[in-house]
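One structure is given here, and the rest of the page talks about it.
Order as written gives the chain letters A, B, C and D; numbering starts at 1 within each chain.
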Amino acid sequence: MASPKKKLQGLVAATITPMTEHGEINFSVIGRYVDYLVEEQGVKSIFVNGTTGEGLSLSISERRQVAEEWVTQGRNKLDQVVIHVGALSLKESQELARHAAEIGADGIAVIAPFFLKPGNKDVLINFLKEVAAAAPALPFYYYHIPALTGVKIRAEELLDRIQEKIPTFQGLKFSDTDLLDFGQCVDQNRQRQFALLFGVDEQLLSALVMGATGAVGSTYNYLGKKTNQMLEAFERKDFSSALNHQFCIQRFINFVFKLGFGVSQTKAIMTLVSGIPMGPPRPPLQKPSREFMAAAEAKLKSLDFLSSTDLKDGSLDSWS
Amino acid sequence: MASPKKKLQGLVAATITPMTEHGEINFSVIGRYVDYLVEEQGVKSIFVNGTTGEGLSLSISERRQVAEEWVTQGRNKLDQVVIHVGALSLKESQELARHAAEIGADGIAVIAPFFLKPGNKDVLINFLKEVAAAAPALPFYYYHIPALTGVKIRAEELLDRIQEKIPTFQGLKFSDTDLLDFGQCVDQNRQRQFALLFGVDEQLLSALVMGATGAVGSTYNYLGKKTNQMLEAFERKDFSSALNHQFCIQRFINFVFKLGFGVSQTKAIMTLVSGIPMGPPRPPLQKPSREFMAAAEAKLKSLDFLSSTDLKDGSLDSWS
Amino acid sequence: MASPKKKLQGLVAATITPMTEHGEINFSVIGRYVDYLVEEQGVKSIFVNGTTGEGLSLSISERRQVAEEWVTQGRNKLDQVVIHVGALSLKESQELARHAAEIGADGIAVIAPFFLKPGNKDVLINFLKEVAAAAPALPFYYYHIPALTGVKIRAEELLDRIQEKIPTFQGLKFSDTDLLDFGQCVDQNRQRQFALLFGVDEQLLSALVMGATGAVGSTYNYLGKKTNQMLEAFERKDFSSALNHQFCIQRFINFVFKLGFGVSQTKAIMTLVSGIPMGPPRPPLQKPSREFMAAAEAKLKSLDFLSSTDLKDGSLDSWS
Amino acid sequence: MASPKKKLQGLVAATITPMTEHGEINFSVIGRYVDYLVEEQGVKSIFVNGTTGEGLSLSISERRQVAEEWVTQGRNKLDQVVIHVGALSLKESQELARHAAEIGADGIAVIAPFFLKPGNKDVLINFLKEVAAAAPALPFYYYHIPALTGVKIRAEELLDRIQEKIPTFQGLKFSDTDLLDFGQCVDQNRQRQFALLFGVDEQLLSALVMGATGAVGSTYNYLGKKTNQMLEAFERKDFSSALNHQFCIQRFINFVFKLGFGVSQTKAIMTLVSGIPMGPPRPPLQKPSREFMAAAEAKLKSLDFLSSTDLKDGSLDSWS
């Protein structure tokens, strides 16, 4: 059984994995990244080696090193460091889970296996359970993202009596727009023992009203401050302000979606906004085009997410 | 230009088309159906011949007769009667639009053509415009339901300066869970001239917080009263109560979804709850199984959507 | 029971519906169109009012007129005129089936209903049976095109003892690349009583080897002669020649697919190749771009499907 | 440039990875497995650690060991041993490629990365090239399986001048039913320098007529003999016999498809037919049900793919 822990809540940044221009991991900027999240964005929990972190594009050895660096740099600064340890190979996933426990992470998360897919709920739970058992003292989170995995097993069905099977189960990252499923996760979870974290940043407000206890996402890296303003307005029942904040965020995301938006674009935008060099993505991703970056930069400025004086090493000059 | 009209708002029931046991339209119960919606469910606007009404399974001649009967029976009782006139044949759609104007309907709605599909926004708008032009004095609504039509053109792009092209455009039925798209429809619509009606009943609360001005759906036929309670709680900022109402509705919908839920099930459940015989569906639909009905009835009772004494001619005895 | 008929076989052209520049049906060219198919392309059977014929974009009244004109013009010239009578409304489909019988068509075909969808094989068969029964003396064909309809019921399951349920069943148009399903249709059909017509023109050779008895498609309007050469080579077991013909056809289709290819492009290409004006498509389709036509024309010439001197009123000058 | 090699052709078995009842790799039976393929099925080339081999469910260390054992056991018995080295992590894929070269494999194959996906052809080629470059003396094959990867980049576009970018490129495994795409691969490949191996076993005949030079698949483990008979009939232009063999194979595959068929079922069927214990699959797969196995066994017998006396340790008694 997991030792009692403070609950994972509020905004959780899905961290980017910074890289050098040669595609090696750039450990040197992670300390600065932690400070930026806490001080500039008001974000105090992180989700490491997930989709945004290109976790599945890293080698197992790299995933271990990245996890370790975030735990080290986050000590006494971050509330919680959750390590995504999902892998197609159960053995490797277990190895990463054990490692997360050894380095003192605050929790682990696992995506559904998405190549050979679990055929039903019980098979999926069995897979998750085998990983969770490798880190029996760590809170366990399920990472539900059916559009990416193709695993359509509904989250509310998975949650049904899940602690009988996975005693360390503590919640999920719900990255889907099916708010019937999400609502029924909340509805089941009356004692509020679970963290039900929403993962579709551009419509977080819709999940807050449905009972989300927090959020995990990539935009909280650079729009965390704005999103925190939305959370605060929602808390004080000022829905009009909350909606205005949400619309402002949507205008940005809607704009970049039409240009093509994914992990590589996120990486470049974070460089631009934070001034911390995130570097290029790993293949099979490639750097966004100069045109994308110019358009995104103009949009960020027009929405006040970026001021001219903010630009340091993240400026457009590094795009070619 | 459409004459100024009161705005379509609140709950709009997507009406069922009642049929006799032989599959012919049962016009005789429509008057009673109107009274039931107004008196028992507090629903005062309707959307006729849509998906729930099996509009596309009816002949053009039947669609005209059905529209006419609802307009006649709704006079002085209903706020608005909107007729869905969408069809794969533009000519037939135009014929239905002209007819809706002649009989004094309050508006027309059109689904995107879904067999040969419009290749881009302009082609879709051109199709809609040709229908709207056949009823130049009637408010025009677009029926956006990408999961059924396969037409993925985003609603917020369609709305952009649409009144320049379709002067009678008054809003849309948004039947999708993409609340970025829906939110941006609301965000664009600052002067609030459009009715932005949400069409995914099981998560209406999430759209209300995003700025929905109303809702169109099949469950408002029999869960309108409960949903109105949710709307009222939301209006007075009692989010806790609103969420409780939403969860109660979700419990029912979630339950029947797992059993297989569609138009034929809606038809049978309405019979059960209202006591008004809706009859069987048209092929290619078929009556739900006796097992489905028994399970649905038990669930409705357990959630207090149905009391034992409510049961009249809608009872299970008619299911075989 | 259908009266004994010669079997539908060989190439069947899915006819285009010619239209005037104002979008009305251009009946005046249908006679010339029949002669062109027979004399220039060696195609003697037709499939009227299908996908290529924009059948579902026409009004019921127009579908009747179009069917009648093809039957009239085809008399003593064509082997078989099959009328597609599928519609979302069973009643309208039945009306069209009765009409096809009255005008002396050689058979009727029906697509699976694709808006409200049949939930299983039995429901689909029941729908088809109701249409077939309206024309009890006409051979009945099922039009299987799962990618367009979303109805994934496998054809070989449908065929299993289907004549017990639909006595007039005579075969199907199989428009899918699943050759396990198609092969098992052939395998079941040992007495060869059914016409098993393949509908994916660009890979017809793969279905011939699997036992197809013929083919229905849009390219046979203008590549019928070439395809007939492929059929003849296959018949005489000259596989090398057959494959060369198939590759030549593939080069054209592959080329236009990459540019965007559908009914409106087919219509324009037929105008170009045959010299018979097919006119514009109905909304929601729109004329192909001038760029598409220039590229397609150059490709047709390079593959010898079009000679410079062939160009008459179909020339590019009519594209704007 | 790869040293000149005899071309990969004929049937290539996608090998199963045998496991013990505890889920560890059972290296001890691989020698016997090689003999079985060669002697009983007439199959002399293998594709190791692919989908059927649960390659992506193994750890990198296990993949190396498995590859090594097949190469060792296959020496002087097998024609070619191709190792699938695809992985989501480019670094791990490169490590596996280098290892394959070290152990003396005859070629490597790579699947398209399928979590973060290549956005276009050039990005995909760049990823493949980076792997290929890690084994510059080994023939390189692309594993095209769009339905599993979601990477829809057409193979014929990929092939266009690919040796300029990947000098060791020698062909592909084409696991899709789009025979326009496959045909155009063949058509481009006039000098026949590439191995164009079809990967949809149940319709191999359709690809042979389109010019396939061989086939890679899971059923060749236990239906290799039958499939070789089909290949021989095709070679001697006896299409009627070839089709009969294909139908016989289809009857089995069609039957098990309807029961639910995948890697775990393949593993169990191979145990049954070969008598060599393949063991259970790795999570997230699970053993097929006893009901499945009984039905499959009966079908295998009725089609003469299994005789009663064949049953040894593969009998049903080991299913629970």
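Convention: a residue touches a chain if its C-beta (ideal position, glycine included) is under 8 Å from a C-beta of that chain, and two chains touch if they have at least 3 such contacts.
Molecules present, by chain and UniProt name: A, B, C, D = N-acetylneuraminate lyase.
Computed from a predicted model, the values in this text were never measured in an experiment.
The greatest centre-to-centre distance from chain A, using averaged C-alpha positions, is reached by C.
In terms of their C-alpha centroids, the spacing between chain A and chain D amounts to 36 Å. Averaged Cα coordinates give chain B a centre that lies 50 Å from the centre of chain D.
Touching of two or more other chains is recorded for no residue of chain C.
Arrangement of the chains shown, judged by which pairs touch: one closed cycle in which each chain has exactly two touching partners.
Screening every pair of chains for touch gives A-B, A-D, B-C, C-D. Contact residues on chain A toward chain B in their complex (touch as defined above): 156, 177-180, 183-184, 186-187, 202-203, 205-211, 237, 239, 242-243, 246-247, 250-251, 253-254, 257.
Those residues of chain A that touch chain D in the shared complex are 51, 54, 56-60, 62, 88-92, 95, 112-119, 123-124, 126-127, 130, 148, 150, 260, 262-263, 282-286.
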